[in-house]
Amino acid sequence: MASCDAAATAAAVRQMAETIEQHHTELTHLDREIGDGDHGANLVRGFRAVVEKLDADEPGTPGAVLKLVATTLISTVGGASGPLFGTAFLRAATKVGDAETLDAAMVSDALSAAAEGVVARGKAAVGDKTMIDAFEPAVQAAQSAAEEGSVADVLEAAAAAAEQAASETAPLEARKGRASYLGERSVGHVDPGAQSTAYLLRSLATSASSAG
Amino acid sequence: MASCDAAATAAAVRQMAETIEQHHTELTHLDREIGDGDHGANLVRGFRAVVEKLDADEPGTPGAVLKLVATTLISTVGGASGPLFGTAFLRAATKVGDAETLDAAMVSDALSAAAEGVVARGKAAVGDKTMIDAFEPAVQAAQSAAEEGSVADVLEAAAAAAEQAASETAPLEARKGRASYLGERSVGHVDPGAQSTAYLLRSLATSASSAG
Amino acid sequence: MKKIINDPDEVVSEALAGMAQAHPDLITVRTKPDYVVRADAPVEGKVALVSGGGSGHEPLHGGFVGRGMLSAAAPGAVFTSPTPDQVLAATQAVDGGAGVLHIVKNYTGDVLNFETAAELAAAEDIEVRSVIVDDDVAVKDSTFTAGRRGVAGTVLVEKIAGAAAERGDSLDEVTAVAEKVVRQVRSMGVALTPCTVPHSGEPSFELGDDEIELGIGIHGEPGREKVKLQPADAIVETLLTAIVDDLPYAEGDQVLLFVNGMGGTPVIELYLAYNSARKFLSDKGIEVSRSLVGNYITSLEMQGMSITLLRLDEQLTELWDAPVSTIALRRDA
Amino acid sequence: MKKIINDPDEVVSEALAGMAQAHPDLITVRTKPDYVVRADAPVEGKVALVSGGGSGHEPLHGGFVGRGMLSAAAPGAVFTSPTPDQVLAATQAVDGGAGVLHIVKNYTGDVLNFETAAELAAAEDIEVRSVIVDDDVAVKDSTFTAGRRGVAGTVLVEKIAGAAAERGDSLDEVTAVAEKVVRQVRSMGVALTPCTVPHSGEPSFELGDDEIELGIGIHGEPGREKVKLQPADAIVETLLTAIVDDLPYAEGDQVLLFVNGMGGTPVIELYLAYNSARKFLSDKGIEVSRSLVGNYITSLEMQGMSITLLRLDEQLTELWDAPVSTIALRRDA
């Protein structure tokens, strides 16, 4: 896929919802280890609401789709991940503006804006064992890929980097979010938000590559 | 032992306390099956208090010893068994009056009075699956034995009858006490109060025979 | 067994000492024999109410001592009725010259010990009446058995009779209203888990991971039958059907609906069950005009609940609404 | 998992429906978005208080909505902070023109969602202040981390700030007194058992039959460390030592002692622990002049407790003593 229109964006969002359905038990399980055991349930609740809204009335631009996702997540997820993912989608929406289609550079910039939004809200840095640990490397990889590659290439690079980075959160000691209360006892477990970030990026990549 | 004085009565009471210490876990266990799991603890509390009072000041007649047991059980045991055993000892005390020593007939009569007291308070009949199921056969056996035998013979007969009868409460359906709430589900378990009655009578028999 | 205790023998006395220090404005705790009494007892010229029973059902009964409810409570060992001297001492302490009503849950032990205490009190010229609460429809009633148990309905008897005493009703009147509540109140309970008496250290009964026990008493006694775990609506239907079958309600009857937690059930589940009960009753045309939801008569840490219905009339409603000032139940003047 | 529920997705909404029907005199429940509001809201000319957080901590927060305490509460899913639109709608519903104080427990989710709601409210010209409660000494504080959690001290902040608002204090004054309580309150908890979120169906952590978890939060998060089960006196000593070390008390200081049950602990154990805490404090010369004992901020059916100390002065004592009329906390005028 060289560029991405509203329909493709919506399809990608549906793919994310699908992925969350598949993995929510695992995400909740991760969150039980070092959090409060609701991360999967939170995201399922949010993405189901998103799909409902898309079914009812699919917006006409990629930016509008992203904004719908943002406001729906903010108003249905709660918890830490609700406002954080919500902000990510909101910043991405703002970044892409009214564009009818997104090219590789725009997708990469949108990802950057999303990550910046999460940092602005959550004040986490790389190494704090949060979704930022997956987000930041994904943004780096996306930027490199965007220099030459397609939308699919950008998202594939982001997904791969996020997956790798998510798994690398295991040895870290958490400094933000609920897991930080555990101190040393948070070591040895993958951060649920980093893992869900990787899943979400992987669904984008899958959706983009299957869209050709 | 042809007859029984205050010291022998007190010794027999201490023997009862001893027996309760040995068997309270089992009694509580029986009570957990068909009651509320406190029968052993209740009797331990009561008989410990009895021994304390005997240690402090041992009364001078068998009747006074029995009365001390009665009032102490009433004021420390609570539950159903507190007033019932308390009444039993009180009636026995009243029956023997100021006698310095008790012979076989008096012991047998005291046992009858005790059982009547329990019936008067608790209104249970034989077959209701209560301590009366052990008490009544014990009284019958004691009366027969009293015609010819010694105090030890009377108590041996009572104990043996009570032991036999207690074990035979298992197949019964309870109609009095907490176990009655279980209806058919009370079947298959020995009644705790019948079992403790058997233990108490056995300690009297043991004490009487060792006193020679 | 995991409990926040020191020595099983001292659980009741240490908890009473805690209660006394936490609520000096409402209650006084006397020891040897142990009982809890209104801080302002005896109230001259008013009927006094004494209840009691085994400990482990907190806040019952000590948590209901205060203005507008009980004058005193006699706490026995855990799940064991108090002794007559406790009840007698409590009765003497609260007698204000207008007589004393004993509110007794129908258990052989409670009945016998209160009976003895009442005799002893009468011997000291205190006029004592007794009312026996037996609201548990899980137990088949019969004159050949110990009869029904007294369970959560006891709280309603104590509140309503307490209000009658507080406004100065005579001993006859207070007794009559207590008896009326007993006639019109029915309860039934369910356990999701057993409880463990500190002394015994073992659970009161066994339940599989997917089983619940219907018709439990408040002493960790097993109940009517074990059934598979069911949705809240189904559990509530079972309990309320047994209750409504026992004391039939006509459409338009007004009731007080009391959903009581057994100690270990989260309040969120009690409100959920209450909501379910409202649906059931509304389908039957029974109007819920008063409510009580919470852990009021418990079985240690047992998870489960009981549902109680009290048929109301104007008199009972007025007394229910009257001010009360106790540890566990408060309502402004 | 054994719970009295129908569908895990509907637990919160069914419980809210129950609460609404059980307490129409005190609260109103609005849905989509969900929040609980004082029956008489908005109160013109007075500062309003809004709190909220995940459900599963009942009676917190909805049980503290009423005269003299919260104006509204926004309940999230179980153990999940509410969304900004819930908090915003609650804020709009209670604003009486004198401003709104948000009382927020220090969890990333709660802080972020309330922050967003505050921005949205400000955009509608409602003056909003926020106070973040972070009383849990089990968590090491640091500017590089999420900081301490907000736990049982929240109840005291809500009560005291609520009294200030009720008597007509300005938004500045109410905020200042809330901040003072936050500065002077410390808590720590212990769990004997984990709890199970309805959606997850599995216990929040594992504990051996002879283990307890020290320093737990209120969301079933595991705590500081697992240790062997200990007598109540030893547990209380551990908790109170951590608290008193953190905010040192001088001999003669007056405090409010709050022993809070985690939902599944029998009240008898809470009073026993309270008694033990009184001994500890009296040995240190710290005077307990006010008390609260009960299940006020819970973690579903978890067995365990937390202990909270609030250093009192005249102002805080007076506000603590002020009348309050909510589902879970009542005190007469």
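Each chain gets a letter, A, B, C and D, in the order it is written, and its residues are counted from 1.
Just so we're on the same page, a contact is a pair of C-beta atoms (placed from the backbone, for glycine too) under 8 Å apart; a residue touches a chain by one contact, two chains touch by 3 or more.
Everything quoted here is computed from the prediction, not taken from an experiment.
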Most remote chain, CA-based centroid, reference being subunit D: B
Whole-Å gap between the CA centroids of subunit B and subunit D: 54
Cα-centroid distance, subunit B relative to subunit C, in whole angstrom: 32
Distance from the mean Cα position of subunit D to that of subunit C, given in whole angstrom: 29
Where subunit D touches two or more other chains at once, by residue number: 78
Residues of subunit A touching at least two other chains: none
Those chain pairs that satisfy the touch definition: A-D, B-C, C-D
Touching residues on subunit B, where the partner in the complex is subunit C: 28, 32, 35-38, 41-42, 45, 74-84, 121-122, 175-178, 180-183, 185
Interface residues, subunit D side, partner subunit A - complex: 33, 54, 76-85, 107-109, 112-113, 115-116, 138-140, 144-146, 149, 197, 199-200, 202, 204-205, 217, 219-222, 224
Residues of subunit C touching subunit D in the complex: 2-7, 11-12, 14-19, 21-23, 55-56, 58-59, 63, 78, 192-193, 209-210, 212, 229, 231-233, 235, 263-276, 278, 288, 291, 293, 295, 298, 300-301, 303, 305, 323, 325, 330-333
